[in-house]
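Written below as structure tokens is the structure these notes are about.
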Amino acid sequence: MGGFFGMVLKRDCIADVFFGVDYHSHLGTKRAGMAAYDEAIGLQREIHSIENALFRTKFENICKKMYGRSAIGCISDREPQPLLIRSGLGTYAICVIGVVNNSQELIKDCLASGFAHFDAMTGGEINSTELVAALINRGGTFAEGIKFAQESIEGTASILILKNDGHLIAARDRLGRLPILVGSSPEGYSVTFESFAYKKLGFDDEKELGPGEVVEISADGITVLNPPGKEMRMCSFLWSYYGYPNSTYEGVNVEVMRCRNGEIMAAQDRANGTMPDVDYVCGVPDSGTPHAVGYANASHIPFARPYIKYTPTWSRSFMPLTQGDRSKIAKMKQIPVKELIEGKKLMFVDDSIVRGTQLKETVELLQQNGALEVHMRSACPPIMYGCKYLNFSRQTGDLELLARRVIMELEGQEGFSHLEEYSDSSTERGKKLRAAICKKFRFDSLEFQSVEGVVSAIGIDRCKLCTYCWNGKE
Amino acid sequence: MGGFFGMVLKRDCIADVFFGVDYHSHLGTKRAGMAAYDEAIGLQREIHSIENALFRTKFENICKKMYGRSAIGCISDREPQPLLIRSGLGTYAICVIGVVNNSQELIKDCLASGFAHFDAMTGGEINSTELVAALINRGGTFAEGIKFAQESIEGTASILILKNDGHLIAARDRLGRLPILVGSSPEGYSVTFESFAYKKLGFDDEKELGPGEVVEISADGITVLNPPGKEMRMCSFLWSYYGYPNSTYEGVNVEVMRCRNGEIMAAQDRANGTMPDVDYVCGVPDSGTPHAVGYANASHIPFARPYIKYTPTWSRSFMPLTQGDRSKIAKMKQIPVKELIEGKKLMFVDDSIVRGTQLKETVELLQQNGALEVHMRSACPPIMYGCKYLNFSRQTGDLELLARRVIMELEGQEGFSHLEEYSDSSTERGKKLRAAICKKFRFDSLEFQSVEGVVSAIGIDRCKLCTYCWNGKE
Amino acid sequence: MGGFFGMVLKRDCIADVFFGVDYHSHLGTKRAGMAAYDEAIGLQREIHSIENALFRTKFENICKKMYGRSAIGCISDREPQPLLIRSGLGTYAICVIGVVNNSQELIKDCLASGFAHFDAMTGGEINSTELVAALINRGGTFAEGIKFAQESIEGTASILILKNDGHLIAARDRLGRLPILVGSSPEGYSVTFESFAYKKLGFDDEKELGPGEVVEISADGITVLNPPGKEMRMCSFLWSYYGYPNSTYEGVNVEVMRCRNGEIMAAQDRANGTMPDVDYVCGVPDSGTPHAVGYANASHIPFARPYIKYTPTWSRSFMPLTQGDRSKIAKMKQIPVKELIEGKKLMFVDDSIVRGTQLKETVELLQQNGALEVHMRSACPPIMYGCKYLNFSRQTGDLELLARRVIMELEGQEGFSHLEEYSDSSTERGKKLRAAICKKFRFDSLEFQSVEGVVSAIGIDRCKLCTYCWNGKE
Amino acid sequence: MGGFFGMVLKRDCIADVFFGVDYHSHLGTKRAGMAAYDEAIGLQREIHSIENALFRTKFENICKKMYGRSAIGCISDREPQPLLIRSGLGTYAICVIGVVNNSQELIKDCLASGFAHFDAMTGGEINSTELVAALINRGGTFAEGIKFAQESIEGTASILILKNDGHLIAARDRLGRLPILVGSSPEGYSVTFESFAYKKLGFDDEKELGPGEVVEISADGITVLNPPGKEMRMCSFLWSYYGYPNSTYEGVNVEVMRCRNGEIMAAQDRANGTMPDVDYVCGVPDSGTPHAVGYANASHIPFARPYIKYTPTWSRSFMPLTQGDRSKIAKMKQIPVKELIEGKKLMFVDDSIVRGTQLKETVELLQQNGALEVHMRSACPPIMYGCKYLNFSRQTGDLELLARRVIMELEGQEGFSHLEEYSDSSTERGKKLRAAICKKFRFDSLEFQSVEGVVSAIGIDRCKLCTYCWNGKE
């Protein structure tokens, strides 16, 4: 994944952008960068690897190195960004979040002109941000170029540009899969992926870009370059899994959605008579926690934390010492509280069940610590299709998906024609899938939130949400 | 504060000790160090500042630099440690956690001999670990020397030594204010401050040292050098505030104690008719959370998280960029979820109320975000006396304590003769104190857990616990 | 300036290329980089700033990070290099040494196509290596593209390319102003700017490229892609000033040329009766030293070192601590030996006199240390024209040149019509120039080597050498 | 070896001491440190490893970290220094250069008191600076304590102390083997090992300490605490090998001494009819160079540099990449100029011949490059005894000494009874030794400077010089 943040003010904004970018640290672990524009110096840029150190540490002296009233920055899981590009459109800095599935074809097309070239990375691969820039450069204006890029790209491209006059250009991806929010204050404007980032810095919500919408922003105001499109397919997982709890997208707060989702699950369990008699309702940290809190609040079953993360040093994934230490490290983040497990009947709520790898270890550890019963709830429906629109960390091939693997075991290829049925807990196939997973992991019960349940917890038009990974609807 | 961890195995233990020490990262932010013993190399030592980088980052290559079957390490809020000392007792590495209040006197006494000297630190101050070592050296044996040190020191000294034969010596402070636990596995032994650290590395509880007890540990077994004393004054705050939730001291788990403490507070509120009608019960993160969970579970009032920490980068306090950014940074860790605050009646549970500084900001932010009512609960009694036995981070002078300041405002010096009354919510003075604080902070209600309540939540003999900061009993 | 080094072997060559590049450290102080090709990994690249640390330090772990049987590297005074470029010609790494005077025009031309873009640097400037690559990409083959680039560029471009099949392509600049030498060993080939670099690594001279010549090199042999041109204008300063003493260009060793140059100067002084009666002949370190040794050997006046550089730490220019310390640092490299100055008559030989700034300080320091007489000899003629072909460190505007400034003082603009006369010590104007400089700097005598003298010391065809800065001949 | 530098001024002196210490970088390669005293802060200290980076780099920000009007610093080949010590004498910083041969005995003696302890280093070794401090602490005053230390130590201890009142105490070792010079300026005083260091910073020679002399220095003046002793044994190698050319000890400049030494050797060769007919006289860089210049000047044989060091990066010995690269690196510093070797008859002058290892490689390389004849001259007599007073880099066991090894081959143990004869070129044994070495290394001739020659080149009383390594006189 990744995330970006930008600002254009009537005063120097480097320290503010530093903090704003830092608030996107949960979205990427490979590279981070900032670019700024100052009238006297022009465009400036700095990029660091954040594989072994936090963004904070690598950029802590940025205010002594970079100056300007407008700046952008990003956290990236892949390529170095932002890039400084000089083209027929002038010189500009650019960040892109998303995934370009047809990059080989697009590169070939660019190189065919005989004029184009790219800065290659190790192994000859092309930075996809540079590719998106090359597509934008094909337009006579930024507005035309971005439209051309949005239409050429198969995948998702959420774009933030800092021009050589200090203006920002923000372009939400064509179907609005990812959010772009604009905040305002008396001093200027801010653009972000996570809304809490600018709120924390003193900005109010000004505008959330519509799908494909392109705006140019100066300290004095916002100009719409391209209006929003009609269709929208916002990623539902933003709320249920990878958005930060404090963020609000399309007016819906993440933490609130998760609690509500847990409440709906409890109501469904009660209605279906499937609410087990357990001592505690517990979340799989971190994203399962608010789903579990909602379930506990609605069911009046006590909430507890039988697993607690060791956050002082395990806040993110650093590279392990040696290959041999890897498996040890993987298990070291989650620490059980035996006193809350031994002899207890527990319900665990997780944000989702993808490959099931981590789940297996979790349950085994509970059983080793003496749990009497383990009931599992997934805060979203069974994942039947791997995502092809975003490269978030749980991206995975169809065949690695736990639901598909179990269906394959149950009735082979044929089962894949009945995915909708399997998804539905009221059908025979739905029941078999749940029973088979329970047996595999030694759960005492298992239930998934329904698509209707998630959509209702989010509370916006179903047709505006992407539910592809659950039901294959594009 | 600070914490140490050691191990003696039948195989190389450097990677394990690295992880074990890392699990003490919440206890200190200044220095960290490790020492190891290898037959061929002898004693080795490495110390780094951890003010701007995590222990993990600074020691990530330690396995390529240090070798041995026994090793110790510590995280420290003050001096560089462990030290390598050569004296009449031989050469050894030593870590000390605690505080020596009479150090000037002890140093003077040592220097009077004409033979002693110390390695001074900037400004001429003496590393108190070196001072404790100098006292130990006065004995003919480690057992005698440690006894001499324990008896000479006013304060607390929890000691871990790695000898030049690879054996460990662990000595709990004279009154057992801090814990030392020993774990065992088929491969050897481990010594720790936080019990979850060795459990996570595959060790079982073997023994918790008694007050003043001194043991020598090899890979083959444990020998008691000095037996435990009879008196004990274990710090109650280990459970209610600074111990890690996963740890267990004297058989009582921290998370469990905190939940139970919250349950007791809810029961008391219900019995006294002081349970307010609120929308949510909430914890002041991190240590207030389980107290709040307990209260919510017992009261059936929904639990919620209207403040969520940004943990990916704010896991600990790094030094701010410039002096001017400090106040901004202080507020950046806690991020409000407006949707859970606006128009809501909220109860907040904090682990304790010391100076009240942070509390003031918290309440103001809630009010800015539109909270209708804010009720406050402190998970321990009013703090009336500054701690003189440990240097934990909330250590503070008597006059800075919020309770004392409010009492001074209410009736001047005279009030300090009635501290016990002020502590008790059923007395007139107790009621006045609570009302005055409510007014000062614009709380809609305030209550403190009672000493009895805390002691009962911990569940061990009252005479074994230090309650000095609440009632002045030494 | 800058320099590059490359190798293609039948075995891994990273360590060898590391050493080879390191031997070009005297040619640049800003950036250094290496690129390598490995069949499994493809092209790899690493670049570091060397402003505050040596190439050795920044690249000391390169063998753990980079693999391959062919690799290139460079030391650069300006842009980050080598670049990895992907274009219609495939993917390749490229280094360019030289200067492109018409870059704005060439960039404009490239961008006009609508397809091209460049990776901008801070301030929007374009890396001239990327510009040269863009020109090369315009050809259907590397041979065509390089020819197109050589013909388009006003200035000098010495090019080294590492292709995606592991072959090297080396292209000497159109007029051969800078050298490119190819060495061979049983294991493969090496390409260098400084010949001693590959000799020290076990290679023998194989071939020196002619002006504009382009060759492709694999471990199996050398293929000429474009033959050498007929015209040549090799920079005379390579021998007299900035080439390393151990290097040999066009068969002429630098140290030998410098000694011979000093001998010729002594012979001329003797012939003209201008050899002063001095105690010592001395060189201005480092490049003046061998000129002085030659003079001393030929004149039988003792050689001495009244200035000795403090080399252990002052080997190159690190950035000074603070602006205020700059002037102090500038003077700290050269340390006088008072015992060899006080009461002595000294002759100093410098490689050249450009602006005269440093010279002024040197003479003052000699006088402060009690020198009785100071006679100056310049190992080349008066510099009358600033170089427009290369960006070496003494590059300077015409008006800053000492000779021009003194001529301006002597007779104003008019004097510039008589530069040839001024250059010649036998004319009236030549005598006046020397006398005026002597007076300005309080020299007791001053002489310049003649163009004939330098050319004779080098010993190759005068028409193959660039003497532009002395006589304006292009 | 190692070296120290200190200053006490009427203004802040940190930047000056930084430069002064830096000028001792040729004396050590392991550790460097600085300590300062400021009235408000007290004593401050900083130590870094300089094994992989220069002193300059490691201390470049020292002015932002350390403050004060008095400061000391040192470059060390062994232990971390300066130490901050607190003892009965107060708190002070201390550097010690030299070697303590009876340290085990002295440590044992200290520890016997039962009060003393030392900060051990890896493996349990004691920092000998701390040991010297412990000895000084035994006195009632610094003067007494230093006298006690000087008398207890077998070896050499040159001491520099910074007291807690900002005064410096400098103590030259008992027999004055190493120099300590004091410089003065209107702003205060400076103490140094290398005299050019303070001259370059604007100080004039004020006083050179006599053997064993101890002085206390404030910004206002110098007080003699202990007067100089009568006996003196200054190390002759200071001039002939390891002192920096710009330095002056006992009024004799190093560069001047070396040139004079070469002149004497030429005179002797002429007198003895042993001056060969060679093309060039050359020095083995760096310390052989001025000896060779003197020889060339006196003999009128041309001086040349057939070996030139690559100084831009090889200025000092960094740790090699891998063990396997070591031998390659050792040879990479010296680069031959084939044009000055091939077909030439050469005389090489080296500062001394110790083990002969490097010499062997040098001669082989000359022969590989086509030298017709190689004549060798050693600027000092044959080394017959390993130094036991100093730990300079060529320190070596008796049996490794080339002269001893050849004598052993010539007549076995018996030969060691005739060392004086072997040393003398006019005896039969002397001639045999020279002939045997010539044969071993394929020299065409070999001669050594005589003890009389060296002493005469230095020009001070023979009884004040240590000539132990040549003739065994203590």
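Going in written order, the chains are labelled A, B, C and D, and every chain counts its residues from 1.
We adopt the following convention: a residue touches a chain if its C-beta (ideal position, glycine included) is under 8 Å from a C-beta of that chain, and two chains touch if they have at least 3 such contacts.
Because the structure is a prediction, the values reported are computed rather than measured.
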item: Topological distance between chain A and chain C, in contact steps; value: 1
item: Relative to chain B, chain with the most remote C-alpha centre; value: C
item: Geometric centre distance via CA averages, chain D-chain A, whole Å; value: 63
item: Between chain C and chain D, centroid-to-centroid distance (C-alpha), Å; value: 36
item: Chain centre separation in whole Å, for chain D relative to chain B (CA means); value: 52
item: Category of the chain touch graph - line, ring, star, complete, other; value: ring
item: Pairs of chains, among all present, that meet the touch criterion; value: A-B, A-C, B-D, C-D
item: Interfacial residue positions of chain A with respect to chain C in the complex; value: 41-45, 83-88, 91, 107, 110-124, 126, 130, 133-134, 137-138, 164
item: Contact set on chain C toward chain D in their complex; value: 15, 18-19, 22-23, 25-26, 52-57, 60-61, 63, 196, 199-200, 244-246, 248, 253, 255-256, 259, 286, 290, 293, 296-297, 300, 302-305, 308, 310-313, 315-316, 318, 321-322, 325, 328, 332, 335-340
